Amino acid sequence: MKKTLISGALIAGATLFSALSPALAASGAIKIVLPEEADLLEPCMATRSNIGRIIMENVSETLTELDVRGKKGVMPRLAEKWEQNADGSWRFHLRQGVKFSDGTVFDAKDVKHSFDRVMSDKITCEAKRYFGGMTITTNVVDDNTIDIKTQPVQPILPLLMSLVTIVPESTPMQFVREPVGTGPYKLTNWTPGQQIVLETREDYWGKKPSVTKATYLFRADPSVRAAMVQTGEADLSPSISQLDATNPKTDFSYLDSETVYLRIDHNIAPLNDVRVRKALNLAIDRQAFLGTLVPEGAVLATAIVPPTTLGWNPDVKQFPHDVAAAKKLLAEAKAAGVPVETPITIIARTANFPNVTEIMEAIQAQLQEAGFKVELKFVEVAEHETYYSKPFKEGRGPQLVAAMHDNSKGDPSFSMFFKYASKGTQSGFSDPKVDDLIQRASAAVGDERARLWSQLIAYLHDDVVADVLLFHMVGFARVSEKLDFKPTIATNSMLQLSEIGIR
Amino acid sequence: MLSFIRKRSVASLISLVGLIVMVFFLSRMTGDPASLFLPVEASAEMKQQFRELHGLNDPLLVQFGRYVGDVVTGDLGESYRKARPALDVVTEAFTWTLWLALITMSLVTSAAIVVGSLAAFRSGGFFDRIASMLSLIGASVPDFWLAIVAIVLFSVNLAWLPTSGTGSVLHWILPIGVLFVRPFGIIVQVVRGSMISALSSAYVKTARAKGVRSGPIIFIHALRNAMLPVITVIGDQAASLLNGAVVVETIFGFPGVGKLMIDSILQRDFNVVLAAILVTALAIFLMNLLIDLCYALLDPRIRH
Amino acid sequence: MAEHLLDVRNLSVEFYTASGVVKAVRNISYHLDRGETLAILGESGSGKSVSSAAIMNLIDMPPGRITSGEIFLDGEDLLTMRPDERREVNGKRIAMIFQDPLSHLNPVYTVGWQIREAMTTHGLPKDAADAQAIRLLGRVGIPDPQAAMDKYPHQFSGGQRQRVMIAMALALRPDLLIADEPTTALDVTVQADVLALLKELQREIGMGVLIITHDLGVVAEIADRVVVMEKGALVESGTVREVYKNPKHPYTRRLIAAAPGKGVMHEGETQGEVLLSVRDVCKNYGAFQALKGVSFDLMAGQTLAIVGESGSGKSTLARVLLRLDEPDSGQAIWKGRDLFQLSPREIYRLRRDLQMVFQDPTQSLNPRMTVFQLVSEAWVIHPDILPRAKWRERVAELLQQVGLSPDHMRRYPHQFSGGQRQRIAIARALALEPRLIICDEAVSALDVSVQAQVIELLDKLRRQTGISFIFIAHDLPVVRDFADQVMVMQKGRIVELGGVRQIFEAPREPYTQALLAASLDPDPDVQAAHRARRA
Amino acid sequence: MSLSSTETDPALREEPSLGVRMGRMLLADKFALVAALFLVVMVILALVGPAWLGEEAVRQNLRGRNLAPFDWSRGWIWCMGADALGRPLFARIIVATQNTLMVAAGAVVLSAAIGTFLGLMAGFSSPRISQIIMRLADVIMSFPSLLIAVIVLYLLGSSIVNLMVVLSITRIPVYLRTTRAEVLEIRERMFVQAARVMGASSNRILFRHILPIVFPTLTTLATLDFAYVMLAESALSFLGIGIQPPDITWGLMISQGRQYLTNAWWLSFWPGLAIILTTLSLNLLSNWLRIALDPVQRWRLEMKEPANG
């Protein structure tokens, strides 16, 4: 890879002046084909993947940025540096000389306004969900300094700041369709249903990217997306089907931060019995899926967050495939009076992820082999939501909800509360120890934080047997040979054009 | 004629109102747009706030009253997801669909009439057998299957045509080609059947007694008489195209109203669904009116 | 041997049908010269139209096939010509007019267009053809020919349509005109005019005319010679007088004997009990007044014939009396009650007394029901008439009464001939044991020989059972041997009402006289006398 | 009337019973004959398929996924290859026959029954009721079928029966309009007048006299609709709101095999072929039926000697 990079630079360099200066790499326009059109280009909705992939850090920037390529953690973006004040609030020192694409100068009042907008009840910004249960006060110290105070104290506020896009103060308290930001690109054309075009800005504060113009196209069908890159109608498709990823020169797999699992509803017998939950885990032959229905590069999951996340616990080992042990546990449970004969329903969403039907059918077969009575039910997105989130229906039977969870933010706090705390909307159980660990970990910093998350992950997996964790999925991207780009775990939610090189 | 149009308009208006009422209430029984607009992790307060903002917390009848009030003033509401007037979203998409339907139906109609007529002229003959067989197969091939095979063949392997999207004339060829197949198969069958009976009618005998050649007998004497049932079927087929060629639009990334409709239905973007239905229903009504005018144009007995 | 204009020699034609190959025409020969009129006389199924279809190349092959023979036109064999040569003959040298001009004219083109096409097809320039078409329309007696050019067939009356057909056929002054039942669907007065026109034009152009008909009257009126066909074979030929006065073949004799209007007339007594008393019945369809105050009495056991041409209101009267249509005003007293005031429940009971036999038995019998079902349906609807166990017996009885075999019970209508079907319809009407049967053109669609039989049957039933009849017809001779009273109608009014003898022997009203004069007599001598009187 | 008297009637012997005639006419049309045989086989498979191959059809084998067809070494059941879970396609197609035909036949019968009934009403009753029914038809016609699908499947849950309901609702107007048009024409016919003169009730006229005449047209329409319904069901599966696993239909199999179109064409090819062949057979049969029931055209099938061409 490195070799091709250099030779690419060589060729590009030869056509220009110098073979050595990276600043003189080729530049030009590219086309990117995405599965789903952005229905809005609202900065405060940029945490939604179909919007974020286009505008996040391209048009709208954030104060901080998470390094997903290296291990540098939270890095400065619009904030140059930050520190925690004595009262627990955070002070951000803003970059100077930054201009919005409408020409106005970026300062602390814009940050305040951006925050107000996110938290406003006049619009429903998605970014607000990361600040659930917090009260936030922003205090403009001077043009380039702002204090942000949260109640309770938020140790990972700098990380959270990578989710809040900054808009100019003049932005109205309603959804906008033409985002104004400080990023390297500005929106120059949006023909709904057809294309979105971003072009570089002359007055961008940072390094000039090599991609001068990016045209986004939208095709729902994965094989069409793959074909488009192959025929040259597009240069990059961040997600194609595993089946189409046959050309090693252009097709790359990448861990895409999506974790597939079966959420267990602990409230209903027989799933309230830990032996049954263990048996479920033991009955599934996860390894058999790899390279067949699930791509080779996928990782067997032991936690709901991917391995790149803080506090991920390498000591937790996934359940082996052991039908005999599963049967034995079931027999024990049955002997103890647990109604293991009750049919369990797996509820899955159609087209949730590639091969979802086949994978669920295979899991159903494997569970049946271990002696479970399992039914399978596929529903569309709206109906799936009613099974997945609280309030759960009264009088329901035992259910396993197949779902996919995405956390590319590097910290488990974006997942753990929702999925496992007693009050979490997708939590299938209530355990005081889990609640306590989540609360303490969320408030902790540094190694302590990592330790507590690790502890929680192990406890959930080994003792509670909270759910049936399956895979950390991989995605496939097709990148035209003229581009220098390698997808990362964040590619699903963010696609920084400035990271794309042209050969 | 004018009173006929007026009568039809009133009848259609009644249907339209019925349609809107049904769609309004039925669609609102199928789930909550808030939980689809917001991520699963969103708090109950956020969902509540979303519903509040869009008036979804009010009783259904109040919501309906407000909707009717808005519609009367020409406001079809705003798309929840796109933060744009629903009508704009729909008309944008509908323009594409309209062109697609128009071009496809013109091609289908002319091709089907020629093939169907020739098949009817020598019914039971070699051409008839081949044409019938091919049109039947065409009518029973799943369109998404055809679409993907066409892309693989014409775009990837032969590189003659772009895979999908819009932009040039070439972009239209594959979607139209795929949409062409099924209505063609059906209309050929109808033309053939209708022409067989027209060709065995008494006035064709008269024409033959006059020494008129086969060409004019088929395409002048018989065809115009045979067109009435054909037009009905053309109308039905065009209506289903106007309602959106969902599958083809999805695969070819064609920004038509079918894709918009299915997306809005799945996302419970009610205002867009209602606007889309309103616009397509209106279009279908106009088309039916046009078809009735065509009847009158073709058949003087209806005119008088 | 001098060459004839048309010479058909040993022609045989077959058709493939459900029950195998039917030899439609077997080895027939005839010829025709310029200026001459030859009639082919035959009843339905005789094959009389097949040879003309062969001449015009109108036989669909398959199912048809010409198995042998030659057809010479001026010495050239039409059957061995190349298709394009053959097409040149049609319309230019041979032209044809048909029985039903409405269906034979293309409904969606103007008549001007259609007449013009007959000429432009054979190379005439468009404007010349137009001028000629207007002249022709004028010649055949269409008022305002210029405006008529832009009208569509449905905008003309039946007689005018046939005139248009004639204009179209004669556009290129053909050598031979084939007329297939040209006047069958027309009113009698119109029929006479059209035949007169044909004759006139024949003289003018000098063409040979081949007329195909089932009507001896038409033959007597127009033809010089006649050939008689039965079941595909030519059984007799000769001059019209010869054949009429001295028929050799038994079939010809039967045909001549069956011609209506030669039996004994009823005396037309007017005494007796009044069964139905109709007073001032009016009926409008929109602006059109179908009935303008009709009043008459019907005696029990008698037959009232209502005669009128199309548009006279005779069928409307029948429908109103049966409450299939509601009258606008008037009374019809039946057993002391006004028919028009009866409730639906009472109408249901009335149906038992008042029955109807329709014009076309092919259409009035449900094609998907067996004869047994058709006849016994009456008892399904009126269950109190007869217990189910006796249905079979009674159906058999009724079938015998109308001259059918009880074995026919399990057959479907299409397996019967037209006359047999009308007998089934009569049996069905009788099943309810009615007191009055209204026959709406009940014999018009039947062959002459069959007409006579059906009328005979009705008369027999009347004598045996005392049922009264209202017998509707468009032609006077048909009712002559059957009616007691005759009522002549025109444009919704009664023109004349009287005993049958009075109407036929001493008609008072000019319209009645005109109707009688227009009726064609099968005797060529009588008909010649008629013609002389008209001229 | 005794049977023997029937046999002695010569005219009756000339015209054999309807069944025999239909049989003969079927033999005369080779295409229709093959089509009829194919459909009979399909119906038999639909009846016995699940019992016969039900187990084989669900036995998974992840190691043998997407096995290519015509590999005879593994046994006849693998002749069409295997799907993405290594299940034999041959067995799955046969097992899916039942659901497929049930959904299609159910939807067609349901829509035909309701549509015909409403059409009879609209054609025969008062203008007011007729207007109401026709407006209802308009509403259904402009109601996007996908929305109906989502509403019904959301409110009633996804099942084969509900899918039948969805597909049939969308097809009702076709039958309704056709029936009404025919009724308007037939009610003016003489034999209907004749029945009225006899005092027959409206119900009797409608169901005993008019319906049997409309029936052949409806049969033709229904056969053609069969194909439409199968494809519509497939399209619904493609959009994720149709039949869902573990139930299987041909339509679902095609839509599942779609993504393998370039690597393993057989996944969607065989079920596609099954749909095409069934449709084709139905069409051929309905063309034949139309001719067989039409006295004007019937000679084509009853010719003793075959004509040229």
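The first chain written gets the first letter, and so on, giving A, B, C and D; residue counts start at 1 in each chain.
One rule holds in what follows: a contact is a pair of C-beta atoms (placed from the backbone, for glycine too) under 8 Å apart; a residue touches a chain by one contact, two chains touch by 3 or more.
Keep in mind that this is a model prediction, so the values were computed, not measured.
Compare each chain's C-alpha centroid with the centroid of every protein C-alpha atom shown, and the nearest one belongs to B.
With centres defined as mean CA coordinates, subunit B is found 39 Å away from subunit A.
Mean C-alpha position of subunit B lies 23 Å from that of subunit D.
Distance between chain centres (mean CA atoms), subunit B to subunit C: 49 Å.
Across the assembly, subunit A contributes 223, 380, 382-383 as residues in contact with two or more other chains. Residue positions of subunit C with contacts to 2 or more other chains are absent.
Contact of a single residue of subunit D with at least two other chains is seen at positions 150, 154, 261-262, 300. Each chain pair that touches appears in this list: A-B, A-D, B-C, B-D, C-D.
Against subunit B, the residues of subunit A that register as touching in their complex are 39-40, 42, 47-48, 121-124, 126, 128-129, 132-133, 174-177, 192-194, 217-221, 223-224, 227-228, 230-231, 233, 380-383, 385-386, 388-389, 414, 418, 425-426. Those residues of subunit B that touch subunit C in the complex are listed here as 200-203, 205-213, 216, 221, 224-225, 298-301, 304. Across the interface of their complex, subunit D is touched by residues 222-223, 241, 243-244, 288-289, 292-293, 350-351, 354-355, 357-358, 360-362, 364-365, 376-380, 382-383 of subunit A.
Contact residues of subunit C toward subunit D in the complex are 15-21, 61-63, 322, 324, 347-348, 351-352, 354-356, 358-360, 363-368, 372, 377-378, 380-382, 392, 396, 405-407, 409-411, 414-415, 425, 428, 432.
Within the complex formed with subunit C, the subunit D residues making contact are 1, 5-6, 8-9, 11-12, 14-15, 189-191, 193-201, 204, 209, 212-213, 295, 298-300, 302-305, 307.
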